[in-house]
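These notes open a run of structures that come right after.
Both of the next two complexes hold chain A, though its partner changes from chain B to chain C.
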Partner chain A sequence: MQLVGFPVVAGIVLLAFVANAKKSAHEKLNNPIRMASFAFSLALFGYTTWMFFEVFASIDLDNGIIFNDYKLYDSYEWFPALGIHWTVGLDALSFPMVWLTTFLLPVTIIATWHEKNGATYFPTLLLMGGALIGVFVSLDLFMFYVFWELTLIPMFFLILNWGGKDRKYASQKFFIYTFTASVVMLLGLVTLYLMQPDQIGTGGKYGTMTGRTFDIPTLVEAATNANMDGWYMGESMQKVLFVMLMLGFLVKLPAVPFHTWLPDAHVQAPTGGSMLLAGVMLKMGAYGMFRLPLSMFPHALQHFQMALMIFGMVSLVWGAIVCLGQTNLKKMVAYSSVSHMGVILIGIATMQPMGWAAALFMMFAHGIISPMLFAVCGAFKHHYHSMEIGAMRGMAKHSPWLATSMMFAWMASLGLPLLAGFVAELMMLIALWYFIDLEGWSVLWMIGPALVLALTAAYYLWSMQRTIFEGGDETQPPASLHGDPVPDITNEEKLAMLILAAFTILFGILPWIGLDMMDSYCRQFFDTMISNGIFKGGA
Partner chain B sequence: MSQTQAFSDDFFSAMLPEMLLFVGLIALIIIPNLGKGTFRIPGTQIRLPWFLGGQRFALTSNPRLPAWIATITLAGAFAAVADSLNGGVDALTVVSSSTDSAKELLEVNGFSRVFELIFFGALALASFSSMNRLKVEGTGGKLSEDQLYNNRRQADFYILMLTCGLGMSVVALAQDLFVLFIGLELASFSTYVLVAFMKESKAGSEAGMKYFIVGSVASGVGLYGLSMLYLWAGSLQFSVLAEAFAVSGTEALPLIGIGFVLVGFGFKVSAAPFHFAAPDAYAGASSPVAGVLATASKAMGMVGLIRMLLIVAAPESSEGSAVWLVCIGALAALTMTWGNIAALGSTNPKRMLAYSSVAHAGYMLAGLTAVGAWTWDPSFAGKEGEAALLVMTALLFHMLVLVAFKLGAFLVLSILESDGDSSRLSSLGGLAKREPLLAFAMFIFMISLAGVPPMAGFLSKLMVIMGIVNVGVGAGATSLGELHWVWWLALLMVLNSAISVFYYLRVAVVMFFEDPEEGREGALPSGWQVRTSIFICVVATIMLGVFGDSVLEMCRTAAESLTTKW
Partner chain C sequence: MFPFFGADALHGDLADLAFIIALVGGITAVMAAAIAFVQMDLKKVLAYSTMSQLAYIFTGLGCAMYLANTLYWHEYLPDGVKNPDYYDNHYIVIVAFGAALFHLFNHAMAKGMLFMASGSVIHEVHHAHHHLHHHDDHGEDHHDDHHDDHFDAQSMENMGGLASKMPITATAMLVGSASIMGLPLIGGFWSKEGIIANAWRVAQDDPRFLLPAMCVLIGAGMTGFYMSRMWLKTFAGKPNNEVAAHVGPTNTWIKTPLFILTFVSLSSILFAGMGFTHWAPDEGYAFMSEKSLVDGIIYELGHAFANEVPYFFIITYIAIALGAVAGPGLALALYGGQLEEGESAKPWMMPVIRLNAWVKARFNFDNSAFANSTLAVALQNRLYIDHYYDMAMLKIVAGFSTKAAETDADVIDGTIKTIESGSQSLSTVVRSLTTGSARDYILMVSVGMLAIFMLVWGVA
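This part shows the complex of A and B:
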């Protein structure tokens, strides 16, 4: 499909072009390559936006989005011997993520317009985008895994080549940590694949050599349409596979205690890398959960509901507490991501359509807000040469643009009403109430989220106080500037901030643009499960 | 299956690749000696030119000539094998006589053909790139004696390459343990000398000596095992031995015998704990030779193991499971873990690759265990053979693609070796600045070795894991307890892959991040041959990973032809 192929091919062509050029010519190439990458990414963004209006906006949501039904579906043979196909398609789960990726690519390019070695940097961003889109559009387990791992390579180089001081350590830790979890997931996928009954000779989706298929819709259909007895997998095996797959996704998400790679990767990554990492790559984990284990192992999901809830609560609270102690701006933002990912897990664990929709919308909203957080951090680092919270004081006076952007991003992240993040958090809280009510759990479960609302406000407001407002009167530029005049952010950075802010407001005021689709998907999923007798009826 | 005798018409057409090697070998011995030599008819003054000796021609005195002859020969043999695989191989057995009591000597089928593809492919690439590795001390007329001797070495080196190929293909074809042993020794002795051939450093001769001593001990133990098997069965024919094993294979004598034989082959595949000579040998040998050891020589050992375990030491009845199963399973677990952990600590890139090759041997042994488990474990009695076939296909495919990226990695090191040294990780430093495309190639090889998609290494490792899991799942395991124990080998394998990422990535980090060593900032030594070989390896690594379906089908046909039992 052109969505994947386009950025990848464009990135490779541009990289090959640069590799061929003499070293001295690289400087000269920066601008044309940047423009070309930008044009490519804009074209992609235009394409997905067109797709929204053409395909998804016209769906009658009340009965239009059907679970396990895909728009723009395409399938070609890849390894017929093993039942591997190049199968792509979009549904309400993947389309918002694809749109988000294509939206963030041009914004990232704008925000990091002056990145050094642009001739190789911008094509790498394109490759990254292509691999991410590949993860979201894949409807074949093999293809999914291939793109899943493929995203590691451009990110590894983004951190390694453009990262901070400890980039060597951070990039290796990032790669090894997530790769380890992924190979366990791979073994789970392979076991799932081979658990299917042998259909050798059937041809079509089934491999001519193995008699099994990697086709996700087929697997999901088999899993959801059958009760426990009718399926090829016993309940205990389902639990084992659920754990193996979830391990891969929880590390990527990341949930406490698997989150330790994230702060290192973020702090060392360049701004563009962080924006994509936080904006889209973390969502791969949540997306993968929805696409595979949650859809395929509903029994195991019910079994591990409590565990997921605990993971979610711990991530939420732990992330927020750790944030309070950070003196490094970027690290604080990274831990706040961990905290927000806890919201997603709690939303899933409520097992309510609304909770799931909250999780999906959180993925989307956080995908717009967190790039803005990191763009602010990047600008801060770029202009003040330090990430320490105390390094700059009285920013409101020195750099009003950056101060305003920071305030806006911080507010959006802490869940100010009318901004995108608020919608998701509110929905999660409502779903949690429903859940507690339904299950008869103690109201004490609400303490976690309530506590975190306070903590989030605390660490964001405190850090703003220390950087933006305090000490403004002294008009004393930070020591890290060595007496240079205090700059404000560049025009490109301003533009990126404005775009991100605009969309944060847009999806805060009119969340239904994306939310309706997600809500319809979740309701459809739960209806299917209930009518198949797998879930008991819920709210 | 048709039969033929040695030196019949069928024999020559089926043995075309080996015959090509033979012709190349003769040419390699004769052609560099051609000159203006004349022969005086006694009693007269008539001198007849007979071309041997005397002042050599410009062409034949060219020190590069042996390399070209060897490369063309090996490439021709490779093409002949590929061509015969392309049309589907007609199995042909070479027997000693036309009577009923005839002994089977060699068998040409898809299985042996795939191995020949591996051997000749690896050797052709290695000898092609050795052109840039073995120094030529001047060409033309006036050379000192030392220089002449040094140029003479060229011919010796490539003769050994060809004998190595010949020996390996005999191993792949053999239907008789004795024939197999002869082939094994021919190939082994060639590799011992090839390892010691690097005279630039003292490590070369030490490595060769060590490799020779350990290798000949291993061969001796294997030979001792063979003699026990002969004592027991009265024959070394695979077919005879297999029948005898089916009847009374659990007796002590054959078990001890087969244990000894396994030691011999275990050394060749560098399975722990028989791998100790391997890192030294790889580090001391010139890089293309080390690449051959890690790919072709290892594949040769695997042929031996496959033949011995799956054909000979396998009970026909499903009553008693093959005794060696647990042994090989434990060996696989030990080998992959040991290899990976040792590789973590090695700072010499060649030793690191050697240990990674030990780890890969462990993966292959795990696959072999799965084949055995499916075919002979009593819990799978009466099941059809698709699962075992899948593992065997995966094993063949893995060994085939290993040539692309493992040899490729060694070839990159070979360029650095010509530059001075590649024995420290820091010698790779700044490769991305010195020659970006070479660093890119090395990166592709590393992530392929680590098993990152979409490289060939990922697909092959996935296939092996898939095959093992297929056996582990059996037919309808519904809980963790019902999985066959080989499934845990697959788990160990993926965990080991994760460990291995660390040391493969470290290479990438050094190449892209660190500065070159003192005095090594300049351009790398030129040499289009080795770069062409690396290019071929990169293309193969990517293409086989993304469009490997037809090669997979080929491996499957080959696996089917190994035996009709599955």
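This part shows the complex of A and C:
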């Protein structure tokens, strides 16, 4: 499908072009390559937006089939003997993520317009975007895993080539940590392939030699139907597979205690890398959960519900507490991502349609807000040469644009009503309340989220107070500048901030644009599971 | 406030909760009023006054909730018979809630106007200071206390005697203060009397309520003192310094809202007469049905000043004595005084200033023993509440989170790093096996073969 192929091919072609050129010519190539990448990413964004209006806006959400039904479906035989196909398709899970990726690509290019070595930087971003889109559109386990690992490569080079002081350590840690988790996931995928019931002779997506398949829709269909009689592939096997797959996704999400690669990677990554990393790459973990273990192993999901809830609560609370103790602005923002990913886990663990919709919308909302947070951090690094909280006190007077952007992003992330993050947080709280009420759990489970609401406000407002306000002597520029003239953000950065802010407001006021299809998806999933007798009704 | 009108709050058995609410309200009313005694910042006095008056509303709501929970105020008894006490009880409950809500209304009008007027005063003081400072540069006159860093335009130290310079603002603040104090016939008097009377009505039933009832009664006197003190220190007496002497008249645009709010505060009796405190009672209330506004006002006046029940009659006059005589009287004796020679205020303010000058001359006494006491210092520091909040936040929460961040780096990330370095050193050990020497490899192969043979032989 064009969507995956184009950015990857374009990225590789541009990189090859640059690599072929003389080293001395790279400087001259910056501008044309940047313009080409930008035009291409813009076209991609136009294409997915058109796709929304043409395909997804017209889905019959009330009566149509949404769960395990894919739009723009395309399938070609790849290794038919093994049951491997090039299968792509979009549904309510993946389309918002794909749109988000294509939206963030041009915004990232705008925000980091003046990045050094642009001739190689911008094609790498394109390659990154293509790999991310590949993860979201694949409907084949084999393809999914290939793209899953492919995302690591451009991100590794983004951190290594454009990163900060400790970029070597951070990039290797990032690579090895997430790769180790992915290997566990790969083992899970292979086990899933080998242990599924033999279907030789049934045709379809099943391999002609092995009688097994990598095709996700076929597996979900088989799992959903088999679940009527009992655990698909047996109880212990399902539990083992669930744990193996979840481990890979929990590290990517990341959930405490598997999160320590994230702060290091973020602090060392360049602004553009951070924006894509926080905006889309973390969502791969949550997306993978929804796509594979949650859809295929609902019995195991019920079994591990409590564990997921605890993971979510711990991530939420621990992330927020650690945020308060950070002295580095970018590290604080990275830990706030950990905290927000806890919201996603809690939403999933509530096993309520609303909780799942909250998790999906959190993925989307955080995907717009966190790039803005990192764009602000990058602007600090770029213009004030420091990211220590307190090193640039009172800069609101000197850089009004940066201060305004920071305030907006911070407010959006702490869940100000009418901005996108609030919708997801509120839905999560309501779903958690339903869940506690339904299960008869103690009200004490609400203490964690309630505490975090206060803590989040505390660490964001406190860091803002010590950064843009409270200057000792406002006539003097911050000490980190060493007497250089006081800057404000560039026009390109202003434009990127404005775009991100506009979409944060848009999805805060009109969340139903994306929320309706997520909500229908989740309700249909739970209806299917209830009518198949897997979940008990009443949710 | 909405929880007070929920079904549980009105029909439940929540007398104990109502007591807690009333008690919190009563204690807050007295505490905030005490803090307002000693504040030098004009707006801080008003802010603590707000706290105190909102606590009055809370006490009123707590008492009303008690009444709603203990009196049977439904039209029909549980067995379907008409409730014989329906009119009496329903009326008592509704008037109790009405008093609290009416105080909310009166306080909103008066305090909104007071803050607006205080802003006007502060603006003019600031302006005067800048004017003087400008002259300083030309070396006309120089005063150390005019320096930019130390000058506080909100402090009443830099005011005094402004009644002649800002007549409109001074009048508005006089009316607003009178309304907050509960000076008879003006604004807050009607609602505050209602709250105090209801607290004492409940105290008759339940002796626990004597505590909040005493609090709101004493609080009335304290309100009288601190509001009078604020007005007198700002507008009466001689200017405290150069700046106060150079203050100009009020900005024109702020006068219109001041006029409107002053009028509303003054005419609160109209709202009371219209049955604001009764929540538009339905038919069956003989005292209100088809009566004119004048009748309503006469009823209110009679009810307030000539109550047939001696108990409430006494309470009303004690409250008036404290809030309108004792509290202001004390303030008159301590603060303010005659205006500067040659200055004169508007005729309606002159009686106040003359009274002030007379009381101050006749009953002047030394309050320095109290002003320097530990209690006064504690009150000036707002009972150290902010201090403790700061300490709790900075020491406990921030300290804990710093420790958490260290734990995150040392323990969680440390575990990962240990695994990493462990695997590294393990691989170093394993690596040393590959020596590159053929003899070593042949040795290993031989030992391995031998082991396999032994194993197979053993099994066989």
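In the analysis below, the second predicted complex is superposed on the first by the 524 of 539 C-alpha atoms of A that agree within 3 Å, B and C clash if a C-alpha of one lies under 4 Å from a C-alpha of the other, contacts with A are read in each partner's own complex, and residues count from 1 in each chain.
Everything below uses one rule, namely that a residue touches a chain if its C-beta (ideal position, glycine included) is under 8 Å from a C-beta of that chain, and two chains touch if they have at least 3 such contacts.
In this text the structure is predicted, and so the values were computed from the model without any measurement.
Trainee: In the superposed arrangement, does chain B or chain C reach more residues of chain A?
Mentor: If we count touched residues of chain A for both partners, the winner is B.
Trainee: Pick one for A:Phe157: touches chain B only (first), chain C only (second), both, or neither.
Mentor: first
Trainee: Would you sort A:Pro257 into first (chain B), second (chain C), both or neither based on which partner it touches?
Mentor: second
Trainee: In the overlaid three-chain picture, which partner chain does A:Met209 touch, first (chain B) or second (chain C), both, or neither?
Mentor: first
Trainee: For A:Asn117, decide between first (touching chain B), second (touching chain C), both and neither.
Mentor: neither
Trainee: Return the residues of chain A at which the contacts from chain B and from chain C coincide.
Mentor: 176
Trainee: Chain A touches which residues of chain B in the complex?
Mentor: These residues of chain B touch chain A: 386, 390, 393, 436-437, 440, 447, 450-454, 458, 462-463, 465-466, 469-470, 472-473, 475-480, 487, 490-491, 494-495, 497-498, 501-502, 505-506, 508-509, 512-513, 548-549, 552-553, 556.
Trainee: Chain C touches which residues of chain A in the complex?
Mentor: 176-177, 256-257, 259-261, 318, 321-326, 458-459
Trainee: Would you mind writing out the residues of chain C in touch with chain A in their complex?
Mentor: Going through chain C, the ones touching chain A are 397-398, 400-406, 408-409, 412-413, 415-416, 420.
Trainee: Per the contact definition, I'd like the list of chain A residues that touch chain B in the complex.
Mentor: So the residues of chain A touching chain B come out as 19, 78-82, 145-146, 149-150, 152-153, 156-157, 160-161, 167-168, 171-172, 175-176, 179-180, 183-184, 186-187, 190-191, 193-195, 198, 200, 209-211, 232-234, 236-237, 240.
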